[in-house]
Amino acid sequence: MRITRKTVAGTAAAVGTTLVLAACSSTASPEASGSPDADGDAAALESVKMCVLVADVTSSEALSFRDYYTQYVASEFPVEFVYSDELADAEAEKTAMEGFIANNCEAVISFASADRPTQLDMAEDAGIYYAVATGALSEEEYETFKDYEYYVGAIGPDVMTEYQAGYDMAQYFIGEGDTSFGIFGGGIPYYLEMHIYRAAGMLAALAEDPTTSYGGATEMGDILGKIYADGTINIGDFESDVYELTGYLETWDFDAAWQASMADMVGASPDAILAVGTGNAILGSAVDGTGIQIGDIDAYTEDNLAAMENGTLGYLAGKFTSINGPIFAATYSAVVGEPYRTEDGSAFALSQGYWTATSAEEFQEIIDADNVETPVYDADTLTPFIAQGATFDEFADFVSKYTFADLAG
Amino acid sequence: MTNDVVLTVTDMSKSFGVVRALKNVDFELRDGEIHGLIGENGSGKSTLTSIIAGSQPADSGTMIFEGGPWAPATVNESLANGIGMVVQESGTVPGITVAENLFLGETGQFSRLGIVNRRAMYAKAAAALEAIGVEGVNPAIPAGACDFQTRKLVELARVMMYEPKVVVIDETTTALAQDGRDLLYKAMDAHKTRGAVVFISHDLDEIMSVCDRLTVLRDGDIICTFDKEDFDEGAIRAAMIGRSMEGHYYREDNKATSNDEVWLSATGLNLEDKLKDVSIEVRSGEIIGIGGLSHCGMHELGKALFGAAPLESGEVVSRGVKITNERRAVRHSLGYVSKDRDTESLSLAASIRDNIASAGLRLIGKGRGGLITKGAENAYVQEPIDTLEIKAPGAGTIVSTLSGGNKQKVVFGKWIACGTEVLILDCPTRGVDVGVKQAMYRLMTQLKDEGKAMVLISEEMTELMGMSDRLLIMKDGRVVREFERNADLNEMEIIECMI
Amino acid sequence: MGSFMQRTTGTLIIPVGVFAVVWALAAIDGASLFSSGDSLLILARTTAVTMLTTMALAINLNSGRFDFSLGAMALASSTIGAHIAITYGGGFPAMAAITLVAGALLGAFSGFLYTTLRISPLVSSLGVTLLYEGFAFTITGGANISFTQYPELVSFGKSLTAMIAVIIVALFAVYMVFDRSRFGSDYRSLITGQSAAVSAGVKEKGNAIRTYAVSGALMGMVGLIQASSKGLIEAGSINFSTIGIMFTAFLPMFVGGYIGRFSNDKLGYLLGALSMSVIGLGYSALRMTSAEQSLITALLLVAFLIFLSNEERVTRWWRRMKAGKGAAPSEPTSLESVGAGAR
Amino acid sequence: MHDLNPTDVSKETDVPVDTRNDATAKAADKAESTAKAEAKAASKARRSKLFADLAPLIGLAVLAIAFVVVGTSSGTNMSYALETLINQSVIIVIIATGAIFIFAMGSFDISLGASTLVAAMVAGLVHNATGSLWLMLGAAVLTAVVTSLISATLAAVFNLPVFVTTVAMLSVLGAVASALVQTTGGAQIRVDRSFAREYDTLTVKLIVAAVFIALCVFLFNYTRLGRVEKLIGGNPITAKLTGVSMKLTAIAAFGIAGLGVGLGAFLTVLRTPTLTVTSASDIGMNILVAMVFGGMVISGGPRSRIYAAIIGGISMALLNQTMAIMLQGMAGGAGIAQMVRAVLFLAVVWLAASGFRTKVLPR
């Protein structure tokens, strides 16, 4: 090819059009609500630019949370939400934080936990508020950061809640008279903390039977210790005269070996498969029609409802769509000058658990009661806690009343 | 032969950039004749025939073929309409069968719904090969499995298959051994009854014995056309070169000379069926010629002497050092000029500078702790560029834009610049025109006088006889005979022991 | 060519050997390869996926064209197919048809870009990968496509017969297209005689685009099978997260190239894929962690490469003698060309 | 993967070359016209070459302008954004610059990202064990160089295609990484934050980058190594027949690349002291894109440029930031951003390759 003006022009055009394309699409952005000069040093009360770190942008749970913020909250309050891309690792988180800071975010709500300490430091250095919306800081992390001026606090299931969720799930199926189980360990080999605690909870529930132990361990601590040591769960180590652990599956590889393991677990046709998460998404189509029931910890989505209707999903512990309302309120309140601090003046660490459904009816009630259009944490519920002089204790109390009965009952 | 004209070319011109490859050429081909085209590389003969055979268009001029206007757009179109060409560089594809080669790009004729009927294809292929007298070649085997000669003949068969009126054969014989040539000659003779042949060759003797008429081109002009009766070597050569060669073309002396010390010695080299127990010695100030048919193993010997062949046994020693690989060879000032210049001796995409410097980077860096500065490099490179008169706008010129002669000069420059003492030259003048050839011969003589040792591997008997102190003839991997340089070497005798 | 015995041995030694070893190892461990009823299905399904991917990789790599975008094409085509089938209905037939057509078109476009821009195919495939990943992401806004509510769309990947049918049809089709058709002989002439073929009037550009289209269609089928076996499509995969699948095709490709010397490389790809799937079953039977698995697979790859290259050295002389297969159509898949294709 | 096959080039210029051949020593006019023709061809080649070399710079300029325009118009904190720019590109630039030594030879290493991760993890473990910055640096470099040399020796000794060897290396290193994490009995390898913050500064980054890049530029442009690598990349056979040792050169190249990876890993630990098996997962492909974006010919050879990595790395960071600003958090924004990236990438490569076209398709 000879280089002609045409070539250059063509290329320039290519570059141009792409940038334009990008520009247009950005203006088409659904989040472009609120006044255009919303960001920057505009008086905070007018409009706040909140940035959200998300490790997962694809799961239906993540998407429903996002819709609650960007469609409901953003329409009820003068706030603009800016979401990060999917954050694979600590590096990606840091990059996203840098972008947020450069673009004058006033607060960061974090759903990404690869490297919280770094996020906290960056926020503190940049002087923007930072809140943890999922999981919680470990003991020593909390001790380190609780006095950070710009650390708002954390609301979400702490590890004990996760442990409890696993425990309750197992208990439910035991109560149903089930004796043979498969376990889906999800991210255990990646040492995903919440998955490990949930699995430990399940095993602990089974181990309440005197003849049952996991490699000799029957107490939470010991079980956790063994899982952490192995980086997996060995069904060989499961001893019991009452229960049967017929299969174990982890990760989401989908390669030959993984499929074979899954087939083994399903093929052993246990009464139920206890999943530490995304159980229905991963195993749903496999157990469909086998009569095996899945116990899952996920979100209240159409897919899960369908699964519960056709009987493959027997138990669901899940976050409800608007569960992140309170942390928004606290963050917003902080940005506009009324941060909640515990009596010793440090950032708060509040825990919230899951809502559970064991039938399509319960499930239906839940999504009727709480959805993006009519969330349980609606504007009226949240407003009193946004710079209205509410005390920390009032707020803590408000957060602690999270059960379905409390909010929708 | 009948005398009616089958093809007339009138006032044809063709230019590439500023170079005028053909200057208002008129050419006439008669029915039933074998018409030779001869001239130095780039005298325009390949350009003329390639236009006739449709591989490129002319800038101006007209062609009349069998009474009608002739302007084929592609080689295949030309072939289909009566003019076919067998080209210089091998046109066969190794990875597909002989049959698929014969019908390259034309397998459609055997396909129904896009699926090829192989039985039919093989049958027709076998027939086509027999038609030119090639026996015992299975059309179902991959062309890559055939020897070079067979592949050439496959190309010939591919053309003949279309029973063209006119066949153009471009320097094909260089690739053929005697039996192959005989097949070719037979095919050409047979074709005379059907039409005409245009035959291009560098080999004056061959062309004179084969052709009925021959036309000499030079610098894109047609100089003159000889009829068989007045073929005269002197006249033809003069017409080719356009001047009587002043000075000697080859070495002036007729005496084998050399210093005493042996600079390169090979003993008992064995390499598969290519080299069988070959031993040679090269002395300082000596040019050893090595000749034979193209597959006699002499090219492998050249590589082996440079440590570049996976020898099964035997060793090569240069001035006390065992040459086990190319690195050692270069470290101990051996140099190797490959017969495949573009693929083995040059980095085409690189500049003249990069190519010449490549063998001497250590020298350039010497005394500077290996630091290679632009200045030092340019100085190092400029000398050979000047002495060899490499014609280019600058040392930064990309080699691929150079002419064959200048490319070869770059290769020589690479080795001379790094002070090579022992030069292994494999067909150093292949595809190089007379002028550069002469320059090369002078250079070799000069190097000889400086006391360098040289191995000259060549398929051109005259060159070997003209340059060598001793001439070794190889056959089937063995050195069969050695000739001492002297005034009355007999070419026939030498060729005898090659075949 | 070698005798019938030699050819049969050369063709079967690897798959049979692999099966024997894996089976023995499993037996020692007291495990069975076919523990669950689904084992055969999985064997067939993973074999199909691996074989298709290997073919898609090989047909371009034979011509020295390296393609990172295989995974992206599988992702994008299945996303398109599923998206349309779910939004506008039409059930599995629609989804299958659309996915395959989309795959072919995406492939053709990739080939078109390469032949028009005339840049290194590897580089253009990098761009194409980004493009198609981004495209799939944009369609769903990054969300996974789940089939929980559309079980009928994913029944296909659960049928043993369907999977076997896919293998047979694909194998036959690819064999006819590349070894028996006019297109195929042009294709093969371009592999080893690019310039000669072009000057003989073979249309290289068109041939390349068609090859890419075939490769795309094959990957479309892969996407379809994976969608139905996973029950979801991870349409949110960006930043080259789709290139992984390509790496699974190397070992079977080399195995196929080796087997091809004795019979036919396409058959070789099937047997290579089969061997890999058996090994996969072995991994699960032996309860290996994914880390151990990837380690072993990698070592196998290196080991086989070393075997190939040295076997090339040792048998160089021998091969010259029986020149028959010296440069057979299947040969380009051997080390040299991959050397050239992906040094 | 030879960008312009020697044979093709000769084909293209065959006939003209032929007709230019006989510059018989005396025929002055002819000689002149030959020289003219070659001069013309050469100057044409030079022009297109120049343009091709400029293309990446043009791209960089365009992106820089776009960045400034978009940034200022959307009230971005430019000074911070600029610092971010360096933070985000420096690691890529360093690793890619080292990698150019591999790619210049026409070799292809896909495992660089994985070895970065492993090196970073080892470095992290060493620091946690010793608390020493220098030991950590040493560990990172040592690990990276060793892994790199393993691929090189494997490929050299058993003459395997480098690419496939590194494909195997990729999964081996992946396995090693997860093994390393397991040693901590936790999800990740954590290096003391305050320590990391102390050294995760522009100064440190710029010093490391400056030193290493200076070294690379020196080796590549002013020593034998760079020249022979380009020679090998241009035509390996010629290189061999010119006395170049493929094995030694390859080992040297991989050594340097390893050094780059080591330094990159070192900075990675400082930047993100929490290392998981997914850390550095993007680096492997990003350095590839960066190099090409910067005008590196992926198949190496005479046109290899040591600066390509710097230009490309910065261009990419600029582009990513610009897109991030423009597509702030819109659903599917990431997808669109990536498509734009793809188009620009192809456009730049296309320009950079212009003037080097051949009759047959490049391979």
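Think of it as A, B, C and D in the order they're written, each chain with its own count starting at 1.
The working rule: a contact is a pair of C-beta atoms (placed from the backbone, for glycine too) under 8 Å apart; a residue touches a chain by one contact, two chains touch by 3 or more.
Values in this document were obtained by computation on a predicted structure and should not be read as measured data.
Farthest chain from subunit D, going by mean C-alpha coordinates, please.
The most remote chain is B.
Centroid of subunit C to centroid of subunit D, CA atoms only: how many Å?
Here subunit C and subunit D have centroids separated by 28 Å.
Report the inter-chain centroid distance for subunit A and subunit C in whole angstrom, where each centroid is the mean of the CA atoms.
Inter-chain centre distance comes to 37 Å.
Express in whole angstrom the distance between the two chain centres, defined as the mean CA positions of subunit A and subunit B.
Spacing between the chain centres: roughly 74 Å.
Can you tell me which residues of subunit D touch two or more of the remaining chains?
Answer for subunit D, listing residues that touch two or more other chains: 3, 7, 178, 282, 331, 334, 336-337, 343, 350, 357.
Two or more other chains in contact with one residue: find those residues in subunit C.
Only 118, 142, 238-239, 289-291 qualify.
Mark out which residues of subunit B touch at least two other chains, giving numbers and ranges.
Residues of subunit B touching two or more partner chains: there are none.
Every pair of chains that touch: which are they?
In this structure, the chains touch in these pairs: A-C, A-D, B-C, B-D, C-D.
If you look only at subunit D, which of its residues touch subunit A in the complex?
Spelled out, the residues of subunit D in touch with subunit A are 47-48, 51, 59, 62, 66, 74-77, 80-81, 84, 87-88, 178, 181-182, 185-188, 193, 197, 268, 271-282, 321-331, 333-334, 336-337, 340, 343-344, 347, 350-351, 354-355, 357.
Of all residues in subunit B, which touch subunit D in the complex?
Against subunit D, subunit B makes touches at 16-21, 40-44, 46-47, 50, 56, 218-220, 241-243, 306, 308, 325-327, 329-331, 336, 338, 342-351, 354, 357-359, 361-362, 365, 370-373, 391-394, 396-398, 400-406, 414, 431-436, 438-439.
Mind pulling up the subunit C residues that touch subunit B in the complex?
176, 180-186, 188-189, 191-193, 196-197, 199-202, 317, 320, 323-329, 331-332
Quick one: which bits of subunit C touch subunit D in the complex? Just the residue numbers, please.
For this pair, the touching residues of subunit C are 63-66, 113-115, 117-124, 126-131, 133-142, 194-195, 198, 204-205, 208, 238-240, 243, 247, 250, 289-292, 294-295, 297-299, 301-302, 305-306, 309-310, 335, 338-343.
Quick one: which bits of subunit A touch subunit C in the complex? Just the residue numbers, please.
These residues of subunit A touch subunit C: 1, 57-60, 63, 85-86, 88, 189, 231-232, 251, 253-261, 263-264, 266-268, 280-282, 284-286, 288, 302-304, 306-307.
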